[in-house]
Amino acid sequence: MKIKAEYAEESAQQVVDAAETRWSGTSLHAEVRHHKSGMKRPYVFINCPKNHWRSVAKWLRFEMSVDHCSMITGTHWPEGPDEKKWEIVAHLMRMNVINPPERGGWTEQVIRDPAILQNDDVPMEFEISISIPDTRRPSVPSVQEVWMGADWNEKETWDLVGIEFDGHEGMRRVLLPHDTPVGYHPLQREHKIRYHDAEIMYDDMQGFGRKPADDGKVK
Amino acid sequence: MTDEEQSYSVFNSQALIDTVGDSASAGLEASRIKKFISVLGGRFFNWGQRKSLFPLHLGIKCCALEMAAAGGSRFDAERFGVFFRSSPRQCDVLIVNGPISKKFADPIVRLWEQMPEPKWCIAMGECAISGGPYYQSYNILEGVDTIIPVDVYIPGCPPRPEALIDGFQHLRKKIMRIGTTPSTTRDDDAPIIVGDQ
Amino acid sequence: MGPQHPMTHGLWTLKVKVDGETVVDTIPDLGYIHRGVEKICESRDFTKITTYCDRLCYASANTWAHSYIYSAEDLLEVEVPARAEHIRVIAVELQRIASHLMWLGAFCPDIGNLTAFVWCLREREMMMDLLQELGGSRLHYNFPRIGGVKRDLPIGFAMRARAKLNLFLNRVQETEQMLDESTVFLVRTQGVGYAKPEEMVNHGVTGPNVRAGGVNYDVRWAHPYSVYDELDWEVSVERPSIKGADSYDRYRVRVDEMRQSARMCLDALDKMPGGAETHYTEGDPMILTKARERAEEGKTGFHHFEDSRGESMFYLAGGGDQRGKHPYRISIRSPMFLTIPYAAKCMIGHKVADIPAIMGSFDPCIGETDR
């Protein structure tokens, strides 16, 4: 029991075409990508500029029925290209199996045969990448009111990475202790882990290459 | 007792208790029974303490599952007198079975202080001994012995339930040796590491 | 309800505002075992991160290790042979059964049924014995490798696994019968903790919780990976009442999932392709040396995986030449991180005594929440 591959490809291509036509003048770029290994179905990748993020999110939610916000995470690229010093990556999914499809005039309440799902009913993964060029105060509009799942994801991203979300209500520390100093976001590149400069004794996997300081020692 | 409240009844309770207590104590000391009773009573209490260790129902991380398995039917810990209690006021042993983060350092010290004397602490698993695989983390303390005095260390990641029961056995031997010294004045020159002997 | 509480199944605080006995507002407070795994793994080799992923959610360690390995294979473009995929499925499904048994064994004492605790731990010991034969340890196996699995099935494993799984299928009927005929269990779990499916999906809840609401979404059929599309199994979905899914529905979904997992294991054992030395890819024995070219800067890999509690995902960003064998960024999506605030909202309107029934039925595991 599985989604038919052709339907999934069609559905992904439909989303990509709709996105490209709707934001055709901007630097938004959408494409269908395939996983290199593991998953056998395509996913939609959208590279979205920062100021369009909220409208893209609303379009995805209400017109493409992407109803599940899986994860919103951020990365700090201090040595990256100038327009990508910080990056937000949002993973969304279209579950869309609540509205049952019709087949021969009879609606299937609980999908028993996923091979019948087509077009907008096919579950689809989305990966949306937003590059942020700022270096002082990186910020991105918040999509808290579009998906409720974005709420805690954004709190965690701010907590650990330090990217602000404009319009997010109730931003607070969720994983770090509440009395952490303001401005301390551990996943930024300048913070190092404890003992980060300790030499790992055996860097090779099998342990064959011994360092001269280890002469006479038993492994 | 002041003179105004002096009543002339022989059965004035405080004076009666003092009299009986002092004379009995003097008599017992003279016949050296007091020493005999205190030795016997001490050994009896020691036996009671070590045969019924009540750990706290605290499950921090993976080793808590092995602690729960030790309480299950395959590695039954209850046959050794070990019975898990939920309230720290009713416990003897604090089993620390996971890494202590900075946020949890305060609550665990409070749990330790809420436990009445005599009490012992078992550090179970690598994370509690020295930070474990997370020793480089920005949020984890390097071992619970930075904040709480530990009596028995049980290495393993996670240690098997048999190792936990063996750790209780080592704790019992230690209790037999040190008796009921309060945890603040215990020497920590002999913290036991299960697996060394 | 503070960090040390027998009900919470983990270390987190639930601040509850009550009006008499009725819950008015709840705020969950997480982070008591935040270990900074994402930061630590940025300085570990790709092959060494599997040990950390085992310890993320300790009740179902194998599923998280496999979740990471699939993402790493996506980033490093590694092919996995068919026999290894079948062995992986067996390991994952056995672990799913063990995880659900642990859940049931921890959930029932909260309801008041202490017998189920001992029964479920006894079944779990059976599953852990099988997993110990595969992986070597009782709780953290470090079983999958990038490109395959650690070692092939031991001799006689299929015979022992079939015997134990058939015994398990009989015993789970006993446990189910005991719970379904127990009035206390039924009264305490039915009618509490209603969760509407549209809200759940919007919130990001996945897995058995959302399947109890009637949403037939399972990553194993929606975005098929591994050999799930060739095995013979059915998704366990409950049809709830119009008010939403209550705790009883969530319990039924998990018991049914245990049966389906046992069925999948038996089927995978039947359909296992033969071949010696095919439990690991032949062409990629030294994947670490190739990690520099395979995972260049800007390249990412991610994989949605059906974990026992929902949909878990690892997002890996490669670092290219300057980082070598370490990933540049590893980001972990934990299903429970979004479910716990949602479950805290489900409690509003019920009594304080219903809090363990609702919280336990969502199956919280704090190890993955506070990574």
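To keep things simple, chains are lettered A, B and C as they appear, and every chain counts its residues starting from 1.
One rule holds for everything that comes next: contacts are C-beta pairs under 8 Å (C-beta built on N, C-alpha and C of every residue); 3 or more make two chains touch, one makes a residue touch a chain.
Because the structure is predicted, anything quoted here is derived from the model rather than measured.
Set against the Cα centre of chain A, the chain with the most distant centre is B.
Taking the mean of each chain's C-alpha atoms, the chain closest to the overall C-alpha centroid is C.
Between the chain pairs A-B and B-C, more C-beta pairs are in contact across B-C.
A separation of 20 Å divides the Cα centre of chain A from that of chain C. Each chain gets a centre from the mean of its Cα atoms; for chain A and chain B, those two points are 48 Å apart. Note: centroid distance chain B to chain C, computed from Cα atoms, is 36 Å.
Shared contact sites, meaning residues of chain C that touch two or more other chains, fall at 31, 34, 36, 39-40, 43. Multi-chain contact residues of chain A (touching two or more other chains) are listed as 176-177, 186, 191, 193, 196.
The set of chain B residues touching two or more other chains comprises 101, 103, 136-139.
Within the complex formed with chain B, the chain A residues making contact are 176-178, 186, 191, 193-196.
Those residues of chain B that touch chain C in the complex are listed here as 56-62, 65-66, 68-69, 72-74, 86, 88, 98-99, 101, 103-104, 107, 111, 133-134, 136-140, 157-158, 160.
Of all residues in chain C, those touching chain A in their complex are 30-31, 34, 36, 38-40, 43, 47, 70-71, 73-75, 77-80, 197-199, 201-206, 214-217, 221-226, 229, 234, 237, 239, 288, 300-304, 311, 313, 315, 317, 322, 328-329, 331, 333, 337-338, 341, 370.
Chain A meets chain C in the complex at residues 1-3, 35-41, 67-71, 73, 75, 79, 89, 91, 93, 95, 97-98, 109-112, 114, 123, 125, 127, 147-149, 151-153, 156, 160, 173-177, 186-187, 191, 193, 196, 205. On chain C, the positions that touch chain B within their shared complex are 2-6, 9-11, 31-37, 39-40, 43, 51-52, 55, 58-59, 61, 102, 105-106, 117-118, 121-122, 124-125, 138-140, 367.
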